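One chain, chain A, appears in both complexes that follow, with chain B as partner in the first and chain C in the second.
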Partner chain A sequence: MIELFINAVVAGVLLGGFYAAVALGLSIVFGRLDIVNIAHPAFVIIGSYMAFYVNENFGLDPIVTSFLFLPVFFLLGIVMYRFYYVCFERTGQESLSGLAYFFGIMFIIEVLIILVYGVDYRNVQAPYIGHSLWINDWIPLGDFRVSLPYRMLVPFVVAAVVTGGVYLYLSKTYLGRAILAVSQDRVALQLMGANPIKVKQWAFGIAIATAAIAGALLIVIHPVEPSVGRLYIGRVFAIVILGGMGSISGTFFAALMIGIAETLISTFIGPSWAPAAAYGILLVTLAVRPQGLFGRA
Partner chain B sequence: MASSLTVNNIDGGYGSVRVLHDLSITVDFGETVVLLGSNGNGKSTLLKCITGLIKPDRGEIILNVDGEKTDLVGKTPEEVVTAGISMVPEGRRLFPALTVEENLYLGAYRKFARKKISENLDFVYEIFPRLKERRNQLAGSMSGGEQQMVAVARGIMSDPTILLVDEPSVGLAPNLVSHMIGKIRELKEKKNLTVLMAEQNFNQAIKIADRGYIIVHGEIEFTAASADELANNEMIKQYYLGV
Partner chain C sequence: MKLNKFWFIIAAVFLIGIAFTMVADNEFYFYATYAVMQLMIMGIAWNILGGFTGYVNFGSGGFFAAGAYTTVFLHRAFDAPPLLIAVLVAPMVCGLIGLGVGYFTLRLKGVYFAIATLAVAIILETIVVNWEFVGGAGGYYLLIPENVVFFDSYIEWLFVLILAITLIAIIVSRYLNSSKIGQGLAAIRDDELAAESMGVPTLKLKLISTTVMGGLMGAAGAPFPYFITFVEPVSAFNLLVAVMAIAVPMIGGTASWIGPVIGGLLLGTIQETVTVNISSELNLLIVGVVLVGFISLAPQGITGLYQDFMRKRRKGND
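Showing the complex of A and B:
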């Protein structure tokens, strides 16, 4: 029982790290720019298929592939924002039409992937997939057997490093701070000498670039089919809100919490209940702490 | 750098609503010029024209830096900041969910200011020691007086030669108002600034004014060549002092 519990918590932390990678870009775009990009998980899926394609044809590691493709995703993010700005934001129609725009993008991405790759599950090969790190080999735990599958551990480490990098970027660079400020008062930001549109555009680029990495992590963790991104939409929005809307560290910890809650529920109650964890925690949290668990104010 | 500002015959406003009518003012290098007028007479609109937030329909706004003249009409706010004009806006407009220090760092966004950021940060902390104590506090959680200090300090962080200040006294208790006005004078002297300040608080503004204008319904009603002329003007006595 205790062994089961410990293994579930460990698996939950690792799963949560991956959720953090998916939520990271949304934390910037939804949490900081107030743009409801429901297509974000669809970009994650593009990342997965890109990793799959390169892995299948050239045998390259999926995560390495995602880093090579960062500039492409960054540009994709910029183009997507520009279009959004010109068509909706500039004319003040962003709320409803904007949602339709991102829904449309999500739909188009899914259809394109289905046209090219079909609806079958795809997976990747990497030397670390299928092996585990046994904690018992390092720390004497007596009778307990605690294992960390590398297909979960590697994504966790990558997610933690990328989250840390984005956190430092946003808090230590001029452009990063402008990204944090832009939705609070865009006129004031102009008076500081920054162009709010360029700042948002850059933020969008970074957000979509993180989706490339999250996509590679996803396909390392489990096989991917074109519409699997939908499973993550509710979950990652819940994580961003729990994390305090745009707090990068808050998002990371909220993701770990959801990951742990989900694996505990799968282990002790049943896997079909796991997706409810995020909503349950979100509802209870919003009732007692509307600013989220990790919000600053 | 010796900077001065000349506004020549501008008309401007919001869409079809014309607020400023054929308005001209000058602010010479090293002066503190006050723009006096009660609510809704166009003070902020004029400052917005200078900073590029709104584009005047007619006229020119000449910035003269060491004899080199540029017309600011049609320039973006970013370009105006880069040219050395910084504005402390009405209502402070801080980034409430960022800390005091993050607000100050954002003030130094333009390339030129970045190079001098540590020097300027030390400088504003010396002028406003309170901000140093509170530097990790969220700006939105500070008192009105402290927020005004952040707003002024953030304006200095852009390392301007010309500082525009829009109603720094609004919402402050009387003792804080004179403190703030005194600080603006101190900043001006220590940084060799040229200052244009919009105010309705006549008694306070006049303490640091070298000259001034009275703006009524978007037109300059009275031009005072000295602080004395401002203080002894009949219209001001009527408007502000209720004499």
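Showing the complex of A and C:
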């Protein structure tokens, strides 16, 4: 029982780290720029299929592939924001039409992937998939056997590094601080001589770029089919809202919480109940504490 | 005068529908028009909350499926009662779900509400997947009753039923749109804070709005199990339902009750034609592209385009 519990928590932490990578882009876009990019998980799925395509045809490691594709996703993000700005933000229609716009984009992405690859599950080959690191080999734990599958461990490490990188970028560099500024006071930023649209565009590019990495991590963790992205909508919004809207460290800890909650439910109640965990937490958060656990009250 | 014309058209459409079942033999027509009307009801229901009140609902699939699964539950629990009972019970169940969801989430800003509705849909789906009584993840088969009273076949009865639901939905939607409630809802959509401070009972109106939305979605879903004879959670809770429910009013125009009626007729007809003649995947792509195209280029939908056109023409005459 305790062994099961410890293994579930360990698996939850690893899963949560990966969730942080998925939620990272949304944390920037939704938390800081106030753009409800509900299509973010769909971009993650594009990242997965990109990694799958390159892995299948050229045998390249999926995570390395995703880093190579960062500029492409960055540009994609910029184009997306440009279009969004021209059609909705400029005319002040982002609330209703903007939401429906991203919803439509999500749907189009899903259908396009189905048209190209069908609805079958796809997976990738990598040397670390299928092996585990046994904690018992390093630390004597007595009777407990605790395992860290590499297919979870590698994404966790990559996700943690990326999250740390984005955190440093946003807090230390000039452009990163400008992104923070645009979320706090747009007019003041304009008065300081910076163009808020350019800053937002840059931030959106970075957000979509993180989706490429998250997509590669996703297909390392489990096989992917086109509609998997939907399950992540609730998770990532739950994480971003729990994490206090735009706080990168808050996002990371909220992601760990959701990951642990899911693996615990999966272990002790049943895997088919796990998808509801994040949504349940999200609903309770919205009803009780909409500013999130780590948010300013 | 205008009111009389409206009721006259409603009555005429219903009578023509009944006459249609007497004349037409090809069952395909009934299947196709059923699908179009189901789409129209979903659009009308979504528009009451989305278009009139300004709250985006992504969870239409959840309400629709809740209606369908009410029928399944009644079918299993009471040994296949008449469908009419399910059609009366399902809107009540879904209306109550709508009321509950509204009560817990409508104090939230629009965006959070939209995400919360998505959450409700997934939670309902998870419950149904784990609920063996209504078939669980495996799905549930319904046998269509052999003997049909008055009509030649069961699909004709379904057709008349959904026609009646559609017309009721239009009447309800038109009432909400043009009555005092509709003005209150429009005030909420335009500026909730201002409406509240002018004495508009915003929470009450929003709750009416979510309840009616849920009820109509449920009514659209109730005959669905008999229409396809096999229900399973993935198809019932399909994201497509949510996309369609948004696309219909967005294409037709969200501001008035006529918008989703036009949008439903147009999108439904396109869909049926493309599905039959080309392929169903392409059909989905068309829905998505048309939706995004209309949202970005003509946010007021077809009724908005028509109004612009009339205004320009009037200006030209002056």
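Basically, the second predicted complex is superposed on the first by the 286 of 297 C-alpha atoms of A that agree within 3 Å, B and C clash if a C-alpha of one lies under 4 Å from a C-alpha of the other, contacts with A are read in each partner's own complex, and residues count from 1 in each chain.
Keep this in mind: contacts are C-beta pairs under 8 Å (C-beta built on N, C-alpha and C of every residue); 3 or more make two chains touch, one makes a residue touch a chain.
None of these values were measured; they are calculated from a predicted model.
On the superposed chain A, the two partners chain B and chain C both fit, without a clash. By the touch criterion defined above, A:F237 reaches chain C but does not reach chain B.
Judged by the touch definition given at the top, the superposed model places A:W134 against neither chain B nor chain C. By the touch criterion defined above, A:M192 lies against chain B but remains apart from chain C after alignment on the C-alpha atoms of chain A.
Touch criterion met: A:I114 reaches chain C, while chain B stays clear of it. Judged by the touch definition given at the top, the superposed model places A:G280 against chain C, while chain B stays out of reach.
Of the two partner chains placed by superposition, only chain C is touched by A:S272; chain B is not.
Closest approach of chain B to chain C, taken over C-alpha atoms in the A-based superposition, is 19 Å. The residues of chain A shared by its contacts with chain B and with chain C come to none at all.
By the touch criterion stated above, chain A contacts chain B in their complex at residues 174, 177-178, 180-181, 184-185, 187-195, 296-297.
Taken together, the chain B residues at the contact with chain A in this complex read 51, 53, 76-78, 81-82, 86-87, 89, 93-98, 102, 105-110, 113-114, 138, 140-141, 154, 158. The touching residues of chain C, counted against chain A in their complex, run 50, 54, 56, 58, 104-105, 108, 110-112, 114-116, 118-120, 122-123, 126-127, 129-130, 137, 239, 242-243, 246-247, 250, 254, 281-282, 284-285, 287-289, 291-292, 295-297, 299.
Per the touch definition, chain A reaches chain C in the complex via residues 36, 38, 83, 87-88, 93, 95-97, 99-101, 103-105, 107-108, 110-112, 114-115, 227, 230-231, 233-234, 237-238, 241, 270, 272-273, 275-276, 279-280, 282-283, 286-287, 290.
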